[in-house]
Structure formats: structure tokens, C-alpha cells
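Please find one structure pasted underneath; my questions will follow.
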Amino acid sequence: MSSTFGRLFRVTTFGESHGPGVGAVVDGCPPRLPLAAGDIQQALDRRRPGQGPLATPRQEADQVEILSGVEDGVTLGTPIALLVRNGDQRPGDYAELAQAPRPSHADYTVQRKYGVRPASGGGRASARETVGRVAAGAVAAHWLQLAYGVEVVAWVEQVGGLGPAQVDAAAVTRTQVDAHPTRCPDAGLAESLAQAITAAQADGDSVGGVIACACRGLPAGWGEPVFDKLEAKLAHAMLSLPATKGFEIGSGFAGSALRGSQHNDAFVARGDGLGTATNRSGGAQGGISNGEPVLFRVAFKPPATIARAQHTAGYDGVARDLAAGGRHDPCVVPRAVPIVEAMAALVLADLALIQRARG
Amino acid sequence: MSSTFGRLFRVTTFGESHGPGVGAVVDGCPPRLPLAAGDIQQALDRRRPGQGPLATPRQEADQVEILSGVEDGVTLGTPIALLVRNGDQRPGDYAELAQAPRPSHADYTVQRKYGVRPASGGGRASARETVGRVAAGAVAAHWLQLAYGVEVVAWVEQVGGLGPAQVDAAAVTRTQVDAHPTRCPDAGLAESLAQAITAAQADGDSVGGVIACACRGLPAGWGEPVFDKLEAKLAHAMLSLPATKGFEIGSGFAGSALRGSQHNDAFVARGDGLGTATNRSGGAQGGISNGEPVLFRVAFKPPATIARAQHTAGYDGVARDLAAGGRHDPCVVPRAVPIVEAMAALVLADLALIQRARG
Amino acid sequence: MSSTFGRLFRVTTFGESHGPGVGAVVDGCPPRLPLAAGDIQQALDRRRPGQGPLATPRQEADQVEILSGVEDGVTLGTPIALLVRNGDQRPGDYAELAQAPRPSHADYTVQRKYGVRPASGGGRASARETVGRVAAGAVAAHWLQLAYGVEVVAWVEQVGGLGPAQVDAAAVTRTQVDAHPTRCPDAGLAESLAQAITAAQADGDSVGGVIACACRGLPAGWGEPVFDKLEAKLAHAMLSLPATKGFEIGSGFAGSALRGSQHNDAFVARGDGLGTATNRSGGAQGGISNGEPVLFRVAFKPPATIARAQHTAGYDGVARDLAAGGRHDPCVVPRAVPIVEAMAALVLADLALIQRARG
Amino acid sequence: MSSTFGRLFRVTTFGESHGPGVGAVVDGCPPRLPLAAGDIQQALDRRRPGQGPLATPRQEADQVEILSGVEDGVTLGTPIALLVRNGDQRPGDYAELAQAPRPSHADYTVQRKYGVRPASGGGRASARETVGRVAAGAVAAHWLQLAYGVEVVAWVEQVGGLGPAQVDAAAVTRTQVDAHPTRCPDAGLAESLAQAITAAQADGDSVGGVIACACRGLPAGWGEPVFDKLEAKLAHAMLSLPATKGFEIGSGFAGSALRGSQHNDAFVARGDGLGTATNRSGGAQGGISNGEPVLFRVAFKPPATIARAQHTAGYDGVARDLAAGGRHDPCVVPRAVPIVEAMAALVLADLALIQRARG
């Protein structure tokens, strides 16, 4: 009962990894926005696996079809339904999973929750679930860019404890991020990260990482006090992504070690309002954007599905070794970059509309 | 428009720090739950300031009145309205704030968002806003305890970078936590933390910290896939608290440095189902509780309001020094312990009811 | 779990008829709206019983207290909590209700739903529950009037099958409505309606009626296609009121007897857009306001609680006679006029904000 | 922003009449429900136009595809996405609509609301929008039947003022309803209704009608007090349907003419609880089902789009005659029968789950 996100700019996703398709319905996108399938396809292409030695070999065309909500290249203000057909399904790869749940994967908890689980793998707990998010997020990002000039750019900051990347959050572009297969725009670090991923894969293992994200160009005033603070909605969005374990905004955990006199961002005159001389707040104060870039970080654990044998127990409680067949990424963070951006865009578009209603 | 949290177990809070009162309406609490004002008061008493040298000297009686939803000591299933009158108001202390927004406080963003702000201080951005959360959370925690035996216990893990406390998350009790004014149950560390707070106060400064929390006794199956994962709701709840900058579940950011073979929690037979040999997942897989303790951590920045002068700018953009009058905590984490528990209880009660509906 | 109404302009009500008090929290009211307790009190005074021979003798001061959300006479954009203390409680009057549920009252269904019911009468099923609606609706109406010039005026159209009143929906005022105790502005009919009420009361009986309502001054464009059409939200709001049995917009049931050529409202030039020559649509087409007055009608059954004995069954299934003690209205429609207006205002304010968000 | 209906059993619909397709996403359907495309198709077939002389000649295959949420013939508890491709589009028929909005249709209000409208006709205001509702409602009805034995049966009660049909609401079946093209199970009346429709069509005109609906087999306890009363949700659902003008539950408007002693439903022993000797309440008291059949009626206006010329104004305000091309029904009520049933099922399934959560 939880496949809808957002209050006014609202996305509902659907689809199992091995069913007919996956997709999303975007309700609340403002009318008269120029929108073509290509605007969405470019985001899906960035998410798509099979793009190099660092990713899963699963080949997915992932062509999006706009089923509704757009006519003559312009949004109508009605629900925009987006469909991506599944292909290249090999449910046979998952036969062993009938006996034992994969450690740290959702096989067991899904079974306990529903009393049934997809026979052919992760179902909604699969990374493929994120196709709908990325498609919907591309619509949100497109609107944010055209309506407010807002830019959302994420990048890989760490892999396997290596890093952090040195990146200028105020200026980094998606082109720079995509220049390296790891999506780490710190050229000096990127190759090390790639090697860490390759090494994990060679060992039949996986490795985690950290993604950083900057949202630039927000006006002051987005984000709702108390329960729907900007950082609360972002944290919700990011921890709803598969494999995430942590979220920080601005100074994050490191900020908890500081004193107020060190941490506070002094105000300075800027434009016709105020800016801050530093940005330890990460672009929000009291849950409301202050006009500075919104900066946050997301921790991803190493993927749970690994090729090497793990000693675990079957559904029957009997100890056994499990070695995953099927296809799987040794590291999700390069592909997760557009997913993080998509969720950030969905949060911002929703908060923008809510603030607009206030008049 | 964001003062309501939860879908089935739902709380709506209200109140400014300097108005007549603060409180909450809890809608969706199951009927026939024994409930007395004392069950709520004990939580408010733990939150109350003025309890020692480490806290603000503001004296607040904070007596809760149950306005509705309870008759003959039992809940009716109708909204439970809870009111705590404000007292001890000294709006004069805030006169200087009319000229300049406090750095890293919400004064500026509230003004930009609403075009008006409470003349007498933080309004909804004040820590006093959390009274309603704690009162409502006490109802949720009470129900969770009676209906499922669920226990939620939080403690101070770090202050000013000191720590982390060594604590047995599987066994620590609220009594142990409350044994020291810092609410750090690691006796060896607690005194150091107290000194860090006292030192900051002596300098007219403030200091941040980290709170850890364990939720024990959850059955497998709570938490909704995709957007309302257990960890997503907890992250949302925690980052909605004033002064929070980060959230981790289980292994958190440190987990991103590991390989899958190191991070995965192997299954073992337990009871009539499965448990895990380790708990790097933090009690949830795929966003659904797995029956292990739910473990998470929250980073709090140092309070923004400090006595020592800060160089900043006024609303008019002119540079000036600002030294806060009024009352303020040098460190919020000891008082934030029951607040973290309250929000965790609200998340869990809501997810419990949603799973119950599934039948 | 259903004490909240509205998406952006949102009200949460609370309170039993015999507990400490009743009230509402209004979240989402725009900031900078001039608002005083008197703006709310005047609506509560219109709702208050004990205003003449046609109403219940229960004396309630019903003084509203604004607990939050307003400072210096202006809304802050934060939740506006409104409290009305209960007084004059005589739970003893309800002692007989422990044995047998009142026919056509909610005693039985509340017991079946919750497994518990207020010992002292109707609880949330009491007409007193509407105090919170009226208080919240007064805020909505006040905002609609100041922000858009929207007027909401309801009146009694029928009592006990007498009527309908002849009223100019385009011009009738609240002053005209309140000129007669029945709130029927058709002077020729009003006295007959009063006699019908008095006669029912003399017989220890009750009588039903119909309220009509006109909402004037809406711009075109309010109301959301598909599920949240203007008429759908109004119907929801009205059928959520105690004792309601029917709702019509525009031509209503009578319109179903017509042909399209008779029913269609032809467009005519008006101002800088179009108006319609007739208004059988009742001010909305496709669920969206068209700029004409929104006209609707609500049917109220005769109150279930009557003094004369009724042959019915006890909770134990044994047949018995039941004669209600306690205080009760012989006819609710005069008092329901401000309640209908309040709910209409809440619907309109919410739809106005949603349309505003669309920009 | 209003294409989602329901809180726990939740449907989101999408699709324009002349785009690629229409459909729905059903989120919250319980897991382990046997479900095949045929269970949905049979409902769509009942809704489909082109089934006789009384309906529009538009030929639509309306084959549903289940895109997700079902595996091996059983629901997974995940979102069930349903797609029906559009075919047989003739946008050219609508060319004239570029100049003038159809009287009493949504052309004008959609344009005013969004600043854009589908060039090819009604878009979301088309009757085709109801395909998604019917598909989703079929899932809800299927679950209600299997889980609770609940039956929902609607029928045509009046057309053009003829009627009402004499029908035994406690026993009438869908087979009986479908026995006549008008879907009026009163054999003596049905032919008259058919003639009224044929006559209207022959005149290039349309005619309205009334649908009655019985929901049988509900336990006591469904429906939420205050804002989400059973009758309030039903009224919301019904008035959200295109062309509806009124809703009544139980005695409806006629009940407003009665006295309490005439209207009240006396309790009688029934099974292990209580029933009522009469059912003027329509199956709910205080918004909560009482175990009696839920009985309601819905008024439909005559379709706005008619072939004969109407004197109206163009978007430019200039008076002109408009005669609709395109295909259109002379009367919607026969086809609206399964649509009313679908919406009723969606309301009941949602309230059932909410009550289940209460435990």
C-alpha cells in the first residue's frame, strides 16, 4: 500500500522484475510542460545496466512509452502513465532461491509479510523497481529545470571506503559525472574506484559506496515545517531506495562533533535577500530551503546477491551454502546516480507545488 | 500543511513556543487501550528542560491534559487530543531577533516562506514543538508495548565527537539511560560527555551529538516495500526533528566500505522461523522488519542559538554582530532521547496497523 | 482514523460530547490572514443550541479559544488549534442507553466497530462533534471571503415535506436567513415550518428537512477531475454530517428526468470569458467550477433520538420499549445551516489551494 | 492531482480517450487472492459500448492486460497495473470542438483550469475514463466476494422520469439485471425505458436516469466516524462519476419529509447480534455499516453531447449553433451500472481494510 510518493506532484510505481513490465503514473505534473519520450528516455538510459564491465550483463532495452497525459508534445495536467516492458527474463536462474532466502536480501521478509513471494526473484525488491522512479523523476527534473532553473546533479563519492571524491558541488555537471564509468567526477579517484569494483567482481563479491548530490537553484522557502521538512522528505526518499543505509544533509554526522560557533552559517547580503557565508546547513534551515545549494549524501551497502557461496539457512531452518546464480551488479552506486537524482527531483517538485499553493 | 504524520496511527501537532499552548491530536489509536494521563506525563517529564546543569533553565510544568478520546481510563478509538499549556513566557528576550535572523536557525527561512514570522522567537521551529510529538509518541509506545511487547530505547552515543558509547543494544533499559544526566548509559564515557557540554556552555557555545536507538520485539513483516520502507519512515521521522543532520540504520555509512561477503547477515534457525547471525541490516531487509532489533542512529548538530556574539547580517543585509538572549540548551541530545523514541514509536505503530490491515 | 478532512486546507477534529472539550486543528491556512476569535465565535453562536423554542434547551457557552497559529491577530501559516470546553454535562440522562441502543442512532454500530462505546451517549456520533467543523469552517470561509470574495450562504428549504422555500440563490444573505428562527428566508413558508417543528416536539417526536446552499463568487477552475470533482468533495462533506441522507447539485434527481436539450446550459459571453444562460449544472462541469454559483441541496432525516417510546430490542436481543431521556432537537436543520456552510467552505478552500498550486 | 482514490485499497487511474490507452494501478489489494484477466474482463465487457441499439456505435475491444502484481494466477500484494489500449480513434469527429465548448460538458472548464485541453475531445472528462475504475473495481469486488461474501448489484431504476422499477433489493442478481439491454430488472418497465432512450436518440437528443445499488453481506462495523462515513465515501465515489447530479442513501430526500417515529429502524434480534426491522437507514448508522444491505441511488443527467443543434457561444464569446459530431450515448445509465458497482466495491474494500487494521 506504499507505491505512491508525494502529495501534489505524485508518483505511483508498479511492476515486478519478471512480469510484463514496470512503470509509473505521475499525477499532478503541471500542464503545458513540453515533454517528449526522449526527455524520459535519457534518464532511463543512464540507469540502464549492461553499460560496461562494471555493471550487470543483463540487456534491457528499457524503452519508455508515454501512455497518457501528453498530447502534441505538451502535458495536459492529467496523469502521465509511463510503461517500460520487461525483456530478457531468465527466471530459471532463480530456481535455487526457492529453497533458501538470500542473506540480506528481501526474500525472507517478503515471504513473511505477504505469505507469498515472486517465484522468480526479487519482485518489487529488485533494483528493476527503480525504473518507474527514474522515469517519473525525469519528468519532475524536467519541470524543475524549465520552471525554476533547478539543477540536480549526483555523483559517486566513495566506493569500498575509497574516497571521498574532491568535487565542486557548486559547479559539477552531469557530463562530468558521466565521463567515467564509475560516475566519479574526481579523475584522480575514479580509476581506483573502478578497480575496487572489478576486484570485488573477480572475487564473486560486491562492494558498497556513497553518492553525493547537489540541488542548485532552489529559491528560499521550499520545505514544510515540522513533519515534511526538506531534509525529512529527502531522507525518506533516499532510504526508500534499495540497499541504502544512511543519509546526511550538509555537515551530517561530522557536524555533530562541532560546536555551534564552528557550525553556524553566518548570513551575508546576497541578491535582494540573504545568503550564507558557509553551507554546513546543506541548504535548509528549519526544514526550509534557504537559497543555498541543497547538499546531501547517501550510503549504499554492498549488493546482497553475490556469486560466492555463503553459509546460511534455508526456509526450513537447515543450514546450507547458497551461491547466487542470476545476474547482479558488483556495485550499485554508478547506476544509482540517476536514481538518487530522480528521487531528489520528485521531492523538490512536490515541495515546490506545495509552497506555490501558499500563494 | 505538514503537521500530520502517519497514515493509520496518525498524529497532528500544533502550537507555538510563546502562544497559549502546544499539543497533539492522535487519530487511529486502537480502542480499548488502557490509558491515563500519567502514561503520557512520564514521557513529557523526560523531555522537560530545566532538569539540571546541562539543560536550559526555562521552567515548564508541562502538565498534559487529555481533552478527548479516553473514557473511564480506556481509549474509545476516537481522536485523543492532548494539550500542554505554555507558561513562563518571556518574549522580551527575543527583541533583538527582530533585526537579524539567528545564523543556522529558521528565522530567515520562515520569514521567506510565510512572509511573516512569530515575533517572539522560533514558533514552530522551536524545540518546544516537540512536546506534541512526545505526548503522541507516548501513546504509540504504550500501545506497542501492550499489544506486541515492543520496546523502544534510545541513548546518547556521542557528544562533541566523544564516543561512541559502548552499549548493549539488545538489553539496555531506559532506567540505565536515565541514570546519568547526559542519558549516556556508558558510565565510563558519560562524565566526559557532561564535561564537554559544561565546557561549551561556559564558552557561551553549544555542542552536537549522536543518539542511538534500539527497537526490540518487532515481529517480521512491518514496513512497506518501495516508498514506505521501515528505514525510510524512520529516516523521515528523525530528519523531521529539529537540529538533525543524519540518519543511519544498521551498518550505516560504515557499511558502504564493506564487501557483500562481509556485510551480509547469514540466516539461522530461530523460533519457528529464521533469525540472522549478525545484524548489519539493522533489523530490516527490503524495508520490512525481519524480527531482529531495529537499530539506528541520528546526528544532531550543535544548537544554533548561542550566547556568544556571531558576525552575521541583519534582515536588511547589513553586517552586524548577534548575541542571543533568551534561554537555550548548550546541547540537545540528552533531552532529545525521549523525542527520538517518540518518533520511532509513531513510525512503528503506523506500520503495525498497516500490516494488520493486510490480514 | 478519519478525523481529518482536506488535502492542503486541512482540518482535524476531536472531542466527545461529554468529555473535557471539542475542537479542531486547521493546518494549511495561508499565512497573513487577519483572524480573531470573534471571526470564529460568530459561526459557533449560529450553531449553538438553546436559541429558542425550536431547539434543544442544553445551554452551552461554546466559547472558542485559539490555542495556536495566530499572533498579533494574523495567521502564521502554522496549525490553528481551536478549543471549545464542554459544560453542562448530564451523563445521568443517558443511563438507560446502557441497556438498549437507540433506533437509527450510532450506539449499536459504534459498539460493534470499536468493542467499546462512550457510556454517556453519542460520543463522536453526537451533534456536538460538529463544533470543530464549524470553528474550522469559519476560518476557511473567512479566508475565502478575503482572498476571493467567495460567499457561502445556506438556508432551510423544507421541513417535514413542507416547501420548498422560494429563495433567490443569487442574492440571499445570512442576515435574511437568520431573520426567522427556522432559518428559512421565505417569509411565507417559515411560519409553517416552525409549526411543523413545534408540533413534532409536542408529540415527543422529531422531523426532517432539506437545506439548500449557494456558493457565490468562485472563479472558474476549482475542482479536480476524476476523483476529486467539486461535486464529489461537496457530496463527501455533506454526507459526512450527522443525519444526512442525500445530496444534489444543480438539477439533482429532477434533472435525471430531462432530455439533454432541456438540461444543457448554453454558454453566453460574460466578462472576459463565458457564463451560462441557465445553471442546471449547479456551477460545475466535469467537476470543475465554471464561474456560476455552486448550488446544492442536502437532505436531513428526522433526529433519531425522540422522547416517545419506541418498540425495539436491547443489546441482549430482548424486545423492549425505549424512550429517550436527555436533551435533543426536534429538528436539526435550522442549526445545521452554519454546519453545511462550514463544510462547503472547507471544501472550497481546499480546492482553491490545490488549483493555486497548479500556478 | 486527484487520480487516486482510497486509503488502503487504493486505485490510481490514467488515460485520455484518444491517447494510447487507459488503465489503473491498484495498490493495497491483499496478497494471495486468485486473480485472472478474465475476472476483470467480464466487468469491462459489461461496461463496453456498442452492445445494442441503446448504446454508442463506437467499437472498442477493451482487452485488459495485467502488467504487474499477479504471478501464477495469484496476487502478490504488490501494485496491480491494468492497461486497456485505445483503438478506433476518430479525432477528426471533434474538429468543430476547437471553436466552441459543448454546453454542459467539461470543454470550457478544463480549458480554464489547465490553460490547455485535449484537442480531440473530452480527455479525462470522457466516459472512457471510467475503464480504469471498472477494471480496478472488478478486483475489489472479486476480493470482497471471496473474503467476505459481499455482493454488489446495481440496476437501472428510472430513465427520463419513468419508473421507479420495482425490484427486490435483497435478492436481485446481475443476471437478472443484464437480461434486458436497459439493465432494468423490472420486466414491466424495461421496455418503456428502452423506448424512451430510442425516442431521444431519434430526436438527436439524450435522456437521464437513476441507478439503484444494493451491497449485501457486509458485516457491521465498516465505515469511519466523522469524515469518512460509509455514506460519505459512497457519495464521494458516486458524484465523482461523469454526469452524476445526486446521491441518496436509504430513505434519501423522501426521508426528510418523515417524523422520527416513522423513520427510525427498530432493532430486532438477528443471528448473534441485532438487525433492524426496516431499513430506512440504508444499512449504515452514524456512518458505520449495521449489517443490513447498503442501499443507495444515483442520479445521472442526460448526456451533454447531443446531435441536435444547440444555440450557445464559442470560446470567443460569439453566439453560434453547435451540433455535436462524434459518437455518443443517448443515455448512459445502462452502461453506468457496472461503473456504479465498481466504485461501490472500491469504497467497501477500502473501508474493510481500514476496519481490519483496527484489529
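By written order: A, B, C and D. Residues from 1 in each chain.
In this section, contacts are C-beta pairs under 8 Å (C-beta built on N, C-alpha and C of every residue); 3 or more make two chains touch, one makes a residue touch a chain.
Source: prediction; values computed, not measured.
Student: Please identify the chain with the largest separation between its CA centroid and the CA centroid of subunit D.
Tutor: Chain B.
Student: When I count C-beta pairs in contact, which pair ends up with more: C-D or B-C?
Tutor: Of C-D and B-C, more C-beta pairs in contact link C-D.
Student: In whole angstrom, what separates the CA-based centres of subunit B and subunit D?
Tutor: Their C-alpha centroids are separated by 46 Å.
Student: Between subunit B and subunit C, tell me the centre distance in angstrom, where each centre is the average of that chain's C-alpha atoms.
Tutor: 39
Student: What whole-Å value do you get for the distance between subunit C and subunit D if each is reduced to the mean of its CA atoms?
Tutor: Between these chains, centre-to-centre, one finds 26 Å.
Student: Give me the residues of subunit D that touch two or more other chains.
Tutor: Within subunit D, the residues that touch at least two other chains are 1-4, 8, 13, 31, 77-78, 113-114, 124, 225, 354, 357-358.
Student: Going by the contact rule set out above, which residues of subunit A touch subunit B in the complex?
Tutor: Per the stated touch rule, the residues are 1-5, 13, 100-101, 103-106, 108-110, 112-114, 124-125, 129, 158, 160-161, 200, 203, 205-210, 220-221, 223-229, 231-240, 242, 244-253, 255-269, 273-274, 276, 280-282, 284-291, 299-306, 308, 310-313, 315, 317-319, 354-355, 357-358.
Student: Where on subunit D does subunit B make contact in their complex?
Tutor: 7-8, 30-31, 77-78, 225, 353-354, 356-359
Student: Can you tell me which positions in subunit C touch subunit B when the two form their complex?
Tutor: Interface residues on the subunit C side: 1-4, 8, 10, 12-16, 19-23, 25, 27-28, 31-32, 65-72, 74, 76-81, 83, 113-120, 123-124.
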